[in-house]
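Which chain is which? They are A, B and C, in the order written, and residues in each are numbered from 1.
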Amino acid sequence: MIDTLVGIVALTLAAGTPLVIAALGELVVERSGVLNLGVEGMMLIGAVAGFIVTVHTHMPWLGVAAAIVAGAAMALVFAIVAVSLQANQVASGLALSLLGIGLSAFVGQPYVAAVVDPIKAINWPPLSSLPVLGPLLFAYNPLVYVSVALAAGVHLFLLHSRAGLVLRAVGESPRSAHAIGYRVLAIRYAAVLFGGACAGLAGAYLSLAFTPLWSEGMTSGRGWIALALVVFATWRPYRVLLGAWLFGAVTLAQFQVQAAGIEIAPQLLAMLPYAATIVVLAWMSRDAAAIRRHSPASLGKPFHPQR
Amino acid sequence: MTHGNPRLELAGITKRYGDVVANDAIDLAVHAGEIHALLGENGAGKSTLSKIIYGVVRPDAGTLRWEGRAVEIASPGDARRLGIGMVFQHFSLFESLRVVDNIALGEDGPASGAALSASIRGISHAYGLPLDPSRYVHTMSVGERQRVEIVRCLLQSPKLLVMDEPTSVLTPQAVERLFATLRSLAAEGTAILYISHKLAEIRALCDRATILRDGRVTGECDPRAEDQASLARMMIGSDLPHPRHRAAIPGATMLAARALDLPAGDPFGTPLAGVDLDVRAGEIVGIAGISGNGQRELLAALSGERTTRADAVAIDGVGVGHLGIAARRRHGLAYVPEERQGRGAVPELSLADNTLLSASAQGLVRHGIVDRRATRARARDAIAAFRVKAAGPDALAETLSGGNLQKFILAREMQQSPKVLIAAQPTWGVDIGASAEIRQALVDLRDAGAAVLVVSEDLDELFEIADRIAVIARGRLSPAMPVTGTDPEAIGLAMAGEPGARAA
Amino acid sequence: MAPFRLEARNAPSSLAKWLAPPLAAIAMVACGFVLFAVLGKDPVAALHAFFVAPVATRYGIGELLLKASPLALIATGLAIGYRANVWNIGAEGQLAVGAIAAGGVALALDASGPLVVLPLMFVAGALAGALWAAIPAWLRTRCNANEILTSLMLVYIATLLLSYMVHGPWRDPEGFNFPQSRMFAASALLPVIVEGTRLNAGTLVTLAVVAAAWLFVARTLVGFEMRVAGLAPGAAQYAGVSPAKVVWIGMLCGGACAGVAGVNEIAGPIGQLLPSVSPGYGFAAIIVAFVGRLHPAGIVVASLLMSLLYLGGEAAQVALALPSSITGLFQGTLLLFLLAADVLIHYRVRIGARTAMATP
């Protein structure tokens, strides 16, 4: 019984990890006042880039690095269009997602049947083989620990560092920040690139650790769910962790139901995470005043120093 | 006082925006210990010049000298390192952050929270500007926010303090306290550049004045040796216009509010509590108050942008509190909102299209289809009636200057022959000529028998055109008093919400 | 310093507004040239195979119009919402649900005549699409939930629902266990209107809808109010436009048009229900809407371009041995170029660093 529970917790964390990473990245982007809807596209590019590099080099960590760079490169395209050139952020983000979906399918097509050396879960003999505590704490994929560390890091950065204070100030009022001498566009570029790097890393986790293979559109909406998680978390990092793991559990539920021998068509079960996203989003958003209080005041509005 | 090199000297400073020359070869010198006025009306180029001095904007041509040495001020950081502090007209504060965070953001060195809080307390008490470093800015009044900006500058021990229209949001009493602070700073040797368009203030405070008009320097003088009329001539190139104004002949109550309550519209707003108000036909009632005391909510409730119970608001005796703004227009309401671009008009649309915003029920639409000929004709009439400077009914609203767009909006509302007109900050940011025309139009509308309600932060404006004045403070509205029975000092006390002031 | 800087124009340039889409298309083709060269193909021949060869025949032109039809139809509906800042990006799901509803009608009534079945299919498809879009509309107006995310989540749910229907209840019992429905009876199929092509009467429906949308946005008060709501929400509030009404109209128009596009697909080229009834038309239509400047006439032109990208992708698979996903690559590039080119509407681009400070 306890082993089943431990197994569920372990799988939940494993399923929630890409959401944690991608949502934390987007959270930083949104805190700077920029809305990047291209998370799905950046994740896919990260997934395919990490996979291809690993296929050729057999070095999964090099693949991870490639995924981070590729995600950031996609984010750079977004930053040029939406931050420098002032384009509508909603449209630019959608364009980035569509581009990412198309580009990843295009470059990934020859690799659909390829196999890679995956990133393996850690195994620290005395600790990992402990009963209960071993699988509960010491037997995850390294990227799972990275995701938790990232949450702590983003929390410390945003709320306890001067740079984080500046970033929040830019998201609150770019006009004021500009007036007292901060380089709003440079700060927003940095945030957007960080978001892209995180999305790329989240993609690499999918294609190199969670399900080590490449298939077209393999993120299946996780990038969009990550965006919803930022709202769910009301722009606070530790809540992202909770929300992402909750979604991990929901994703898992479909397999649990099937394992329990309950007869439901797989398509209907597969709807669960998406339906849950809608319900959670509606539930969290219904207090409009709270959302407005917590969301960065300039979110989604282009800023140009000259205007 | 003026020995040696000036603290700051500008020579030939020029800045263009597209085809517009905001600053044209400006020369200016400010000395240590001097309170130097930069006088000019809205649009004369004062703000651009102050941004150039603070490094926010870079000039196209010209030189800046700091204590005799040529300098380039490429950023506000550069300006602060030289010893320049700046208090912006539109504060550069972050509402969701605490005072100490706001001040840390304006400091260049990394200051620890506790140490910075201590020095904030120290400085703010030394200059009589009490501040609690741990308060959130969004909980503060406008006057308190200005204190944050000033203390932020003082912490850097500035050698030059630039103040951009600092009194536009203050009560007369707060202005006096500010002047005392500035005088003591000047006595310590700080140079102060005081930017304003208020003649009386400049004569009361400043040692020297440089006058700007249309981006050029038109004169330099000792303001204490001039009178209002001579300063005005230098500032606008002609005499100050005087409105024709005769005593009101009020009729029946046309706009009424009874025990009007309204929750705040946004997290940082002010709820209305038990507002009672009567505006009669043929009179102008002014509502004074420091911004953020419930004006936004009062305007929303009276205009119908937000609805409430039916009998809380009445137009011509009919309860309309539950009706939206379009329905209230059918009862004879017209409304000139505070924001011109984006509320009173859509910047990206033509003037003809903009007539539809408030006049769609006036024969401009048939069977749901817009009559384009009618909208253009109507826009053309509005342009002609107020001599609006615009290319024609097809000109986009965003191509008009603030004053011209305001004249167009007012003309559009007056075309509807309203029983009640509500105007918020009707001349805010508008040049003196257009302001005079707008105020005259409001008086003429009153004389034609309409009930006019003007909500304004400009006490001079209210005392010029209103017949009765009420004060809004913390969401409560005082009874309206005849202007002849009160004065700006009494109104100022009530604006600050001081106890006992309301009876004055 | 940046290699270029932006200088605000005094008024937006309408020339730049209409020049940006062709500029973006040219930039996209230039990118294609480089891409083909990098992939070791003769770029001129490849561009010919991609952009010219597919429409060199009468049949090809028919295919161009056939694929442009759903794109134009959906984009027209979406644009009504987009002009008002109502971001329905779930057209792909609304299309699928429209197809399910119309497919249900076709399967249930296949003994009736075409004058009964086809109109009922259109009504069912439009209603189902609108109903699917009503969910995000309701969540937005009641719960303030972001319609971008909810409408997109509903795409996944709708496509899973379609998959469920053809795997389960509506699977053709004589279909060798393939996940597909029975073929529809002739009475549930749209007649071909040009000999020698697959172009069918659905295109006429599209043209009618586009014309009606044009009248709506250009001439009616409600169309004007939707536009004001998109340009300046404060002005819409001042004019007394209900924000909820704007959301509902925007979402329902998009949903109904997407639903009808779904009907066109299953009653036209497909003729039955399959696990997938659209090669991403619902997403491509978002690009069509933007490239067409949210204007019905522009959308028609943009839909032809986007349709050509679909045909080119299929041709590339055959003639150039490239994956057909190259279509998505071109589509995304086109929209990004367009958004970048739009900067010219509000700004002049000055090449070179800031002019040095001149000393007089």
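By our rule, a residue touches a chain if its C-beta (ideal position, glycine included) is under 8 Å from a C-beta of that chain, and two chains touch if they have at least 3 such contacts.
Please read these numbers as outputs of a predicted model, since none were measured by experiment.
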Which pair, A-C or B-C, has more C-beta contacts? A-C
Reference chain C; chain at largest CA-centroid distance: B
Need the CA-centroid distance for the pair chain A / chain B, whole Å please. 44
Would you kindly tell me how far, in whole Å, the mean C-alpha position of chain C lies from that of chain A? 28
Provide the C-alpha centroid distance between chain B and chain C, rounded to the nearest whole angstrom. 46
Touching at least 2 other chains, the residues of chain A are 306
Hunt down the residues of chain B that sit against at least two other chains at once, touch-wise. 17
Out of chain C, which residues touch more than one other chain, so two or more? 7-8
The answer for chain B against chain C in the complex is residues 11-12, 17-20, 25, 58-63, 72, 304-305, 324-327, 329, 335, 337, 339, 341-349, 353, 356-358, 360, 365, 368-370, 396, 398-399
Please name which positions on chain C make contact with chain A in the complex. 2, 6-8, 87, 89, 135, 139, 142-146, 148-150, 152-154, 156-157, 160-161, 163-164, 167-168, 283, 286-287, 290, 322-323, 325-333, 335-336, 339-340, 342-343, 346-347
Going by the contact rule at the top, pick out the chain B residues touching chain A in the complex. 17, 55-56, 75-77, 79-80, 88, 90-97, 101, 104-106, 110, 266-267
Quick one: which bits of chain A touch chain C in the complex? Just the residue numbers, please. 37, 41, 77, 80-82, 84-88, 90-92, 94-96, 98-103, 105-106, 109, 216, 220-221, 224-225, 227-228, 231, 265, 267-268, 270-271, 274-275, 277-278, 281-283, 285-288, 291, 304, 306-307
Under the definition above, what is the set of chain A residues touching chain B in their complex? 162, 165-166, 168-169, 172-173, 175-182, 289, 292-293, 297, 306
